[in-house]
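Just below sit the structures, each encoded as structure tokens.
Both complexes shown next keep chain A, but they swap its partner, so chain B is in the first and chain C is in the second.
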Partner chain A sequence: MEFEPVIGLEIHVEMKTKSKMFSSGRVAFGDDPNTNVVAVDMAFPGTMPVVNKQAVINAIRVCHAMNMTIDDELWFDRKNYFYSDLPKGYQITQQFRPIGSNGYIDIDLEDGSKKRINIERLHMEEDTCKQLHSWDVSLLDYNRAGIPLIEIVSKPELRSGYEAMKYVEKIRSIVTFLDVSDGKMEEGSLRCDVNISIREKGNTAFGTKVEIKNLNSLANIQKAIDFEISRQSLLVEFGDKVQQETRRFDEASKETVLMRLKTDSVDYKYFVDPNIAPIKLSEQFINDAINSSPELAEVKLARYKKLGLNEYDCSLLIADKDISVYFDELLKTNANPKLLANWVISDVQAVLNKNGISIKEFPISVDNLGKLILMIEAGKVSNKQAREIFEKMLENNANPEDLAQKLGTSLNSDEASIMNMINEVLSQNPQSIIDYKNGKDRALGFLVGQVMKLSHGQANPAMTSKLLTEELKRR
Partner chain B sequence: MDYLKLSISEIHKAILAGEVSPKELILSALKKAHEDKNNAFEYICDKEALEQVENLNENQKNNLLYGIPFVLKDNFSTKDIPTTGSSNILNGYVPIYSSEVYLRLVEQGAILIGKTTMDELAMGGTGTTGHKGVTYNPWDKTNSRLVGGSSCGSAAASSAGIVPFAIGSDTGDSVRKPASYVGLVGFKPTWGRISRYGMFPFATSLDHVAFFTRNVEDSATILKVLAGRDDKDSTSSFKPVDDYCSQLNANLKGKKIALIKGINDCINDTLILDTFNKVVELAKQEGATIDLVEIDNKLLKAIYPTYIVISCAEATSNNANLDGIKFGPRAEGESYEQIVFNNRTNGFSELIKRRFVIGSYSLLKENQNDLFLRAQRCRHLIVNTINNVLDEYDAILTPATPSVAPLISSVSSDKLSNEYLIADNHLAIANFGGLPSITIPCGFENGLPFGLNLTGKAFEETKLYSIAKRFEDITGLANIVAKEDK
Partner chain C sequence: MKPVTKEILKESANKLMFDMSDEQYSALLEEFDTITKQMELISEIPNVDEITPMVFPFDVTNDYLREDVAQESLKRDDALKNAKDVVDGQIRLPKVVG
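Up next is the complex of A and B:
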């Protein structure tokens, strides 16, 4: 028998808004437990929800990026159930009228072709509080309670672990480039649940669906799905039935393991939340949200290409949103884009890889790296020297100009050889001598630069400057 | 002189004239609260009220509410002051924040002297189901009659002469019905007119902040203080606040008022009906056009079931936060499920549990269309019909209750009934439509008061007050309090 897997994904994205979905409680990650909590977050009697405008703007932007139909009225519903992490005894969500519906994204397949994955819905909701269980006590941290979430539900159109991985990767790119979320799977700001079943190829009916939870990396999504496909295929091959169950991915064994069997699904008794009157979204509001949206990866890629960068370099620059932001800042120096890109892609990336840090933790500021690259471009330092300076800058983000001075001792400090070059430069630039004599200080800088150029950056700049001044006085 | 039996405006004049100081008023109100024989109080704010009166800002003394004592129904959150909703599940609960209503009153210099009893979590119309037991009608010296609910303690405290105004909440008729039983003015505004932030929700789509006063003018005064947008309650309206006292001198000439035939037909008490009709005649003589309007009786019969289904469904969800995990008393248990189970089993009375079951049942997937959504459709039909009447008329006039305050012994718990109970439940129409609605005294039967009700168009409170004031003048029944000889 030949099987076809049918895979649908539900992705929860935690938004990085300033405040929570329905309260003024602060959204911050890594703070002490229960420090970012207001009365609404703990469902004190009489508190009421107020919709976070920025969260709505974010949701509109993501909807737009995924080519969805955006509802022009906001409706919220209650999902009623009791659980220890659910303060109100219901979660506010958008069951009946999600803000986004019927969208799609295109993913890149291994063979270079593209596949369109349709997206059923995108809705906003609120996160629950975080539970910490130890052997004798359960602790609740309400910092997370009420953090805005968007849930994105795909149609069951994915057919392999690789496709699912590419799909999540694309969505992560969208939400991070739009500044909606950190999109960190390992920290739970992007969470993915997989629904997967198999059926005989050519069959249109669906098989029994298994849910896989707690997937914390792109790699694990792919591995878990591929494992699950073969597990289900084997079962059916040998005449067994796939059970309706929830499984999790075990990293050690690289297998999915049973969490619980699913019996009748819970009745959440959804109804429209009477605390939130429907909100009309004007065309203007929706358009403003879209037009003021940060650039998506694709848009950046097109922009970089126009600067003359090749496809491969571009793809490296947009692989991580923060790196592209760093690169965008560097572009403001007006140095050669290709030179800037090379530094980011090779030298900077190497440091990040070696130390396992993100660009946000990279010690050299955009300002200083920009200066260094401009110095290279102006011929003030050689590539070799620039790398030396770069190494030093990694230690304390020092100004590369100062470092170049200090490094002067290691440069060419041979008086006679420098004097030869000075004389050569002076003979070629008689006008500069006159300018200098007429009090134009810039002339000196120009002449020093010419000597540096002649020496391929090897001349000690301080000594060059000193000798040049003396020589000019003599003339 | 017992200033506490006067209206707000009269007390205000006395304060300005130096006849009585806010502190004397507050001390006297606190004393009366402690001597209360009607079981009106959950908590008396001895320390808090005195502290507040000491800190009154004299620059504010021209505010009508400066130094005026008042009470809050115990479902309004008050920071550092216990708030129980008259339910055991919130015994000892001391809120960390204050309701918007409370803050706005305090800002005007009004002084909270107590939190009042209510039907448990505002569910019930008798004033008998709170965790402190029955609240008695101050007009009945034998303590054998209801004050009505659910805002029973607020009704009792005001009609017993302890405070000139009292805050309650109104989901079906919880202020306007007890007002009828104790001879007070009971008012609820348009849905969204007053912020509900900090008011414990019973059924959000029907809940209103409402209040008791001793005359129509005082009611308009209180509304002016409380009305207006609050960003913490996103259902509160942005519409500008009117000067609700501005039309109190108008007359009834040219006013069109509708009587609803199906409601009047259900009033079996001939004295109440005769008195009501007399008032109607006098209003006609003043120039009002008053017509008997017929609406589909099926809609009137649908009021009670519609109310029960919607209110119980919303209530079961609204009260799901009461699990004993975050606040309130904590029952023990081996697991989360057990703790919640024990808390809710011990914390709620049988009546509340029954309502939760009804609510849950009507929200279940297999029942939702037949019950919850059908009730919503019914609600729309009823509201559309009433709004059509109000398109032609300035107000709808009905007897507020079919009788004077019933005997406590006649209360048959909260069991479902197979009767339609139109006369007992028609005031809920104003909750369905979110319409402003006011009960004022209409007459007496055997020394017990009964009221009439006027309901107007959404956000037309000024007009409604104007009409109500004329009816108050016609009946001559204003500023009445129960005699003290319990």
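Up next is the complex of A and C:
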């Protein structure tokens, strides 16, 4: 029997707004427990939810990036359930009228082709409190309660672990480049639940679906799904039935393990939240949100290509949104884009890799790295000297011009002194002059090298070359 | 509609793990009686099932959205004052998952 997996994904993205979805409680990560809470987050009596403008702007931008229809009226509903992670006894969400519907994104497949994945809905809601479970107690931290979330629900059109991984990768790129979220799966800013079933190829009816939770990396999404496909296929192959259940991915064994059986679906008794009257979004508001949106990775890529960078360099620059932002700042120096890109891709990236740090922790400011690269371009320092200066800059982000002077590496651009050295070299190498006159270009390179040697690498190579050529013509 | 009885209220209260005095049950039953009568009144409207229920009393929208500015957090001790059991600044409960 040949099986076809049917996979749908629900992705929760935690927004990096300053305040929460329905309260002005602070959004911050890693703070002491219960220090970022206001009365609304704790559901104290008499408190009322008020919708966060930036969260709505963010949701509109993501909807637009995923080609969705945007609802110009905001309606919120209550999802009722009784659990300790929910102080109000209900979560405010958008069950009946999600802000975004019927969208799609295109993902890149292994063979270089693209596949369109349709997206059913995108809605806004609030995060729950964080529960820490030990062997006999649970501890509650309300810092996370109320943080704005967007939930993105795909149609069940994914067919493999790889496709699902590429889909999540694309969505992560969208939300990080749009500045909506830091998209860190390992920290729970982007969480992914997978619904997966199998059916005999050619069948149109769906099989019994299994939900997989706790997938905290792209690699694990792929592994968990591929494992689950073979688990379910084996079950059916041997005449067993797939049970409707929730499983989690176990990192150590690389297998999915049973969490609980789903006997019947929970009735959340959804109804419109009477505390939030419908909000009308004007055409202008929606358009402004879209037009002022940060660039998506694809748009950046196209812009970099126009600067003359090759596809490979571009892809390295946009692999990390923060690196692309650093590069964009460097571009403002107006130095040669290719030279700037080379420094970011090779020298800067090497430091990041070596120290395991992000570009945000990189010690050299855009300003100072920009100055150094301009010095190279102007021929004030050689590449070799620039790398020495770069090493020093890593220590304290010092101004490269000061460092060049201190290290005595600033190139000699004094015309008279270079001319003296040129004359000395020419008098010692009469044969090279003849070779040059006979059209041997290599002679010029040799002579420049001799001047550089004489100057202990201090002569400005560009100026040396220019003066030398002029002098040779005169002789 | 199924009539609301004291047994139903007791069962619901029990599920939510609280109980009330007999006076409170009587008061609540009276309130339900009033509500039920109002519902019956609505049922008398012809073709009522075909009418879309209103969620809000007025069919209006507004355009107010809160600016994304964080305010000072509650003092932790104040925020957790109602909790019975607090450990390391967190509310402690019997374990809620298996």
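The criterion applied here is as follows: the second predicted complex is superposed on the first by the 407 of 475 C-alpha atoms of A that agree within 3 Å, B and C clash if a C-alpha of one lies under 4 Å from a C-alpha of the other, contacts with A are read in each partner's own complex, and residues count from 1 in each chain.
Throughout what follows, a residue touches a chain if its C-beta (ideal position, glycine included) is under 8 Å from a C-beta of that chain, and two chains touch if they have at least 3 such contacts.
Model, not experiment: these values are computed from the prediction.
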Chain A as common anchor, with chain B and chain C clashing or fitting: clash
Contact breadth on chain A, by residue count: chain C or chain B: C
Contacts of A:84 with chain B and chain C, given as first, second, both or neither: both
Chain B versus chain C as contact partner of A:350, first or second or both or neither: neither
Contacts of A:274 with chain B and chain C, given as first, second, both or neither: both
First, second, both or neither for A:258, with chain B first and chain C second: neither
Chain B versus chain C as contact partner of A:378, first or second or both or neither: neither
Partner chain(s) touched by A:45 [first = chain B, second = chain C, both, neither]: first
Touching partner for A:434 - first (chain B), second (chain C), both, neither: neither
Partner chain in contact with A:234 - chain B first, chain C second, else both or neither: neither
Which of chain B and chain C A:266 touches, first, second, both or neither: neither
Stretch in clash, chain B with chain C, out of 22-30, 130-138, 346-354 or 400-408: 346-354
Set of chain A residues, in rising order, touched by both chain B and chain C: 39, 42, 50-51, 82-84, 138, 140, 271, 274, 277
Residues of chain A touching chain C in the complex: 17-19, 24-27, 32-39, 42, 50-56, 73, 82-84, 131-142, 260, 271-272, 274, 277-282, 285
Residue ranges of chain B in contact with chain A within the complex: 75-77, 83, 85, 90, 93, 95-97, 99, 192, 196-201, 203-205, 231-235, 313-314, 316-317, 319-323, 325-327, 336-337, 340, 360, 363-365, 368, 372
Of all residues in chain C, those that touch chain A in their complex: 16, 55-56, 60-71, 73-74, 76, 79-80, 87-98
Chain B-facing residues of chain A, complex: 39, 42-51, 78, 80, 82-84, 87-90, 138, 140, 267, 269, 271, 274-277
